[in-house]
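Both complexes shown next keep chain A, but they swap its partner, so chain B is in the first and chain C is in the second.
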Partner chain A sequence: MKKTKNSNFLKILIAAALIMIIPVLTPNMYIMQIVNMICIYIILGTSINVLTGFTGQLSLGQAAFFGVGAYTTALLNTRAGMQFFTCMVISVLITALFGVVLAVPALKVKGSYLALLTMGFGEVVRIVMINWTPVTNGTAGILGIESPVIFGFTFDTLKKYYFLIMVFVVLGLLYQNIIIHTRTGRAFVAVREDNEAAELTGINVTGYKIRAFVLSAIYCGIAGCLYAMMIKYVSPDTFTNNVSSVILWTAIVGGFGTVAGPVLGGIIMQVLPEALRFLGDWRLVIYGVVLLIVILRFPGGLYPYIQKLLQSFHKKQAAAEKG
Partner chain B sequence: MFFQQILNGLTNGSLYALMAVGVTMVYKSLGMLNFAHGDTMMIGTFITLTFIKMGVPFYIAILLGIACASVLGFLLERIILRKVKFSSFVNLLIATVGVSYVLRNTGMVIWGTSPQLFPSMFPQTLIRIGNFTITPQSIGIILISLAIITGLHLFFTRVKVGKCMQLASSDPEGAAMMGINVTYMRFLTFGISAALAAVAGIMIAPLTYARIDMSATIGMKAFAAAILGGIGNLWGALLGGVILGVVEAVGAAYISTAYRDAYSFLILFVVLFLKPTGLLNKKIENKL
Partner chain C sequence: MAILELKEISKKFGGLSAVDSVSLKVDESQICALIGPNGAGKTTVFNMITGAYQVSGGDIMFDGKSICGIKSHQIVELGIARTFQNIRLFKSATVLENVMTGFHCKTKTGMVNIIFKPRKCRREEEETREKSIEILRFLGLEDVMNLAACNIPYGHQRLLEIGRALATSPKLLLLDEPAAGMNSQEKEELVATIRKIRDTYHLAVLLVEHDMELVMGISENITVINFGRKIADGSAAEIQSNSDVIEAYLGRSDDKYGRTNVKSHRPCIFLWKY
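Let's look at the complex of A and B:
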């Protein structure tokens, strides 16, 4: 017992050391930007992991929540001059509200219908972003968002900002890890596995579905707020259906229903297009093909597969030590 | 003015219906929406345009374009969807989303993002009755779409292959026991669905220009139309398409053109909330 505790402690220590050392190792701002985007996509991947991976509610409209969070922050910061924490709290509240709005029609449908419903929701939100010019400034987007200042400390460079994002990534992952081991998490999985059976055992399916939508929206709201404050510019082009697909892939490629899945997915999904830059125009095509192959070849995602590989490796090692 | 908008709505609506029929056919055999349907349409349209630009006679180019689209449909079924058949529903759906992503980006690389003129197969003269204008184009589009959907209905109810396809998609085990080659039938379903998409694309392109992003907007309206009318139902697809087209045209004329693309989804939300099975279906087909 003590040994596992020690090894867990060691793992956390290694993870913390890695987190601290990344900004020191990155040679330039370009790579730092990618690292920060990976972190934001880890939060987004976690959001869909809660909704689709654990609760089984497919969503192709996550970009809408992401966008609502980003726009709320952008507007509050540029028009009302609000600071980071106020922006984040209000963003989270508003995206949570949107989560409820989407959850109500989504309760009645599932499968393809739900996928289309969420996709349509994303599209409607984007159309509103483009056309509600007095508020959202149309296709031009909103410029001039300020860097967050917390207790007099300004997060003005990407490296400083990295630590701010990392706080939310770690908190988000921890919260996800905690919630799946609680009553709520077990209820989510029960709803995913069998709606009727869950209902029969006394689980309030409607309530838990709404909770999953809201929780997912909140994660997206946080990611949106962080994104807006990092890039300092929001426009409707950033929150298209393609982004929703990428968010879904982030969780799928890593492994749905696993805590570490979105982390792995976030890294792969952000690094791959940059690594494929040498292909020029064709890089997004190849990116799509690679993802398709991953989905076809590893239906459960890469993380469970890697875990299995590691396990068999450990077994072999143990056997070798014995023999 | 009002009737003018209704006519415009019917024109667009019959095109959405044509797309929705393809969506519905695939839904019946696979149990899910094919999110690459709109992209099949876009690719078919652009291949036709390429043939026209190469100097191939107009109607032969159209036939070649439709043939290429159905080959694409066959490939989609054979290479991708058959592989994920036995894994989870989510993966199947994501696979079609992935195919859509690949096709759209391929289109962008090959044909660029700027809209391109597409020649119409109908004469451009206007017929005026009072202050009411009819274009031969809209009449032609409505008639062709109606003819194709009626033809498909006859094909599915009268012709042996069509009946086999119906049975193979509604009851695969039963069909297999009757000696029907279910795999082949599904293959055929995908081919016909893709060909319909290409026909719709070739008729839409003269109205809106041939553009890469038409796959997203029109594809999503096709799904909305199919679900609105009641999925798996040919006449439902027609009804759904027409309703969407008319609502869009009237909404654009009397409320605001900017939100044109949003009306169809708002209607879809309302219908899914009030009657999730769609307008013409009695009970939801649960194939999940």
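Let's look at the complex of A and C:
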């Protein structure tokens, strides 16, 4: 017991050291920007992990929640001059509301129909962003979002901003890690595994599906708010179906239904296209091929595979110590 | 005192009457059985009790209150748990997690109060775990509690389903063909287990089963339905000598004078042990 506590403490220490050291090691703003995007995609990957990985509701419209969060922050900041925390709270509330709005029709459908419905939702939101010009400023997008100021401290550079995002990444992952090991998490899994059996085990399936949608939307709202304040510009081009599928891929590549999966997925999905830039136009082809190989070779995602490797390594080590 | 009382319940699917004014009573701590040939409407009755179907007529009283029109998960909360004919576990979750899921309606940890009352939630979580392990120990499944539910043997999966149902701390346990696919030794163990569950948890059991040996051996009261209608109820001995029941199971033969003769089938019925 004491040993596990110590090793847990060590893990936390290593993680903290890694988090602190990353901005020191990054040589330029370009890479810092990628690191920050990784962090935002970790939150987005976590959002779809709640909905699809744990509750089994396939969503292809996560970009819509992401966009609603970003636009809310952008509007509140530029039009009403609100500061970071107010923007964040209202963004979260509004995306949560959108979560409920999507959940109501989504309760009626399953599987591929649900995927189509969520995809349609994503498109609707994007088209509203383009055409509701008086509010969203159409395709031109919203410019001039201010950097967040918290207690007089301005997060104006990417390096400073990195720490702000990291706070939310860590809190988001922690919350998910806690919640999936409680009654709520078990209810999510029960809904994923068997709707009817879950209902007859005393779980309000409808309620938990709505909760999953709302929680997922909240994660997206946080990511959207952070994104808007980092890039300082939002436009409908940023929240296309393509983004929805990148979010989905983030969770798939990392490993659906695992807390650490989206972390791994976020890193791979953001680093890969940048690393392949030297290939010019061929990079998207290679990108696709690499992803195909990943899902064919590691069907459950990379994280469960790595976990297995580590376990067998530990076993071997233990056996070697004994023998 | 009756824990469950069906008052002439009916279920119509369009023009088809699947269940037609069936009455049934289950007393506290009683083991009852509902039998009938295939398609008689047994599972429909179960589905009505658990709220999966709405009754077309009649009333279902549980613990003195009508439970018609209440949602399934609320009925579970009131104290009716069921198992399924074809096992429906949460396959990728572990055995322990399956049972812990059963405690859902008896616990309170939610998405918000986990943030504000972490200590209370952690205590509740530990209690749930302990109680779940207790149930698994009771059913003899503690050795496999960390395996995925789909990886344990068939007989164990059936027991685990009962364990998950027990976790909701029911007053009435509905077992839908608990012995399906079991060999005779496993069936004997099952009979012992059902009795043990009744005695330990003080609950009533209502089971649907095709295996007559098991039904006759365990039930204190048996209700027989055929084509959606109740044709008999009573103790095992009464059921076995009831001509309507024999007719329903074995058919009728008319002798050369046109008189209905059911007695000639008696020996077959006596093969049911009790």
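Annotations for the structure displayed:
What we mean here is this: the second predicted complex is superposed on the first by the 323 of 323 C-alpha atoms of A that agree within 3 Å, B and C clash if a C-alpha of one lies under 4 Å from a C-alpha of the other, contacts with A are read in each partner's own complex, and residues count from 1 in each chain.
Throughout what follows, contacts are C-beta pairs under 8 Å (C-beta built on N, C-alpha and C of every residue); 3 or more make two chains touch, one makes a residue touch a chain.
Computed from a predicted structure; not experimentally measured.
Once chain A is used to superpose the two complexes, chain B occupies space next to chain C without a clash. Touch criterion not met for A:K160: it reaches neither chain B nor chain C. When both complexes are overlaid on chain A, the residue A:T52 reaches chain B alone and has no touch with chain C. Of the two partner chains placed around the shared chain by superposition, chain C is the only one that A:A187 touches, whereas chain B remains out of contact.
When the two complexes are overlaid on their common chain A, residue A:V289 makes contact with chain B while staying clear of chain C. Using the contact criterion defined above for the overlaid structures, shared-chain residue A:L200 touches chain C, although it does not reach chain B.
When the two complexes are overlaid on their common chain A, residue A:I179 makes contact with chain C while staying clear of chain B. Taking Cα centres throughout, chain A sits at the apex of an angle toward chain B and chain C that amounts to 80 degrees, reported as a multiple of 10. Looking at the shared chain after the overlay, A:K232 reaches neither chain B nor chain C. Of the two partners chain B and chain C, it is B that touches the larger number of chain A residues. Nearest C-alpha atoms belonging to chain B and chain C sit 12 Å apart in the superposition, given in whole angstrom. On the side of chain C, the complex with chain A involves touching residues 50, 52, 71-73, 76-77, 81-82, 84, 88-93, 97, 100-105, 107-111, 114-115, 121, 124-125, 128, 164-165, 168.
Against chain A, in their complex, chain B makes its touches with residues 27, 31-33, 35, 80, 83-84, 87-91, 93-95, 97-99, 101-102, 105-106, 108-109, 216, 220, 223-224, 227, 256, 258-259, 261-262, 265-266, 268-269, 272-273, 276, 288.
On chain A, the positions that touch chain C within their shared complex are 175, 178-179, 181-184, 186-187, 189-190, 193-194, 196-205, 211, 215.
Only residues 52, 58, 60, 104-105, 108-113, 115-117, 119-121, 123-124, 127-128, 130-131, 241-242, 245, 248-249, 252, 256, 281-282, 284-285, 287-289, 291-292, 295-296, 299 of chain A touch chain B when the two sit together in their complex.
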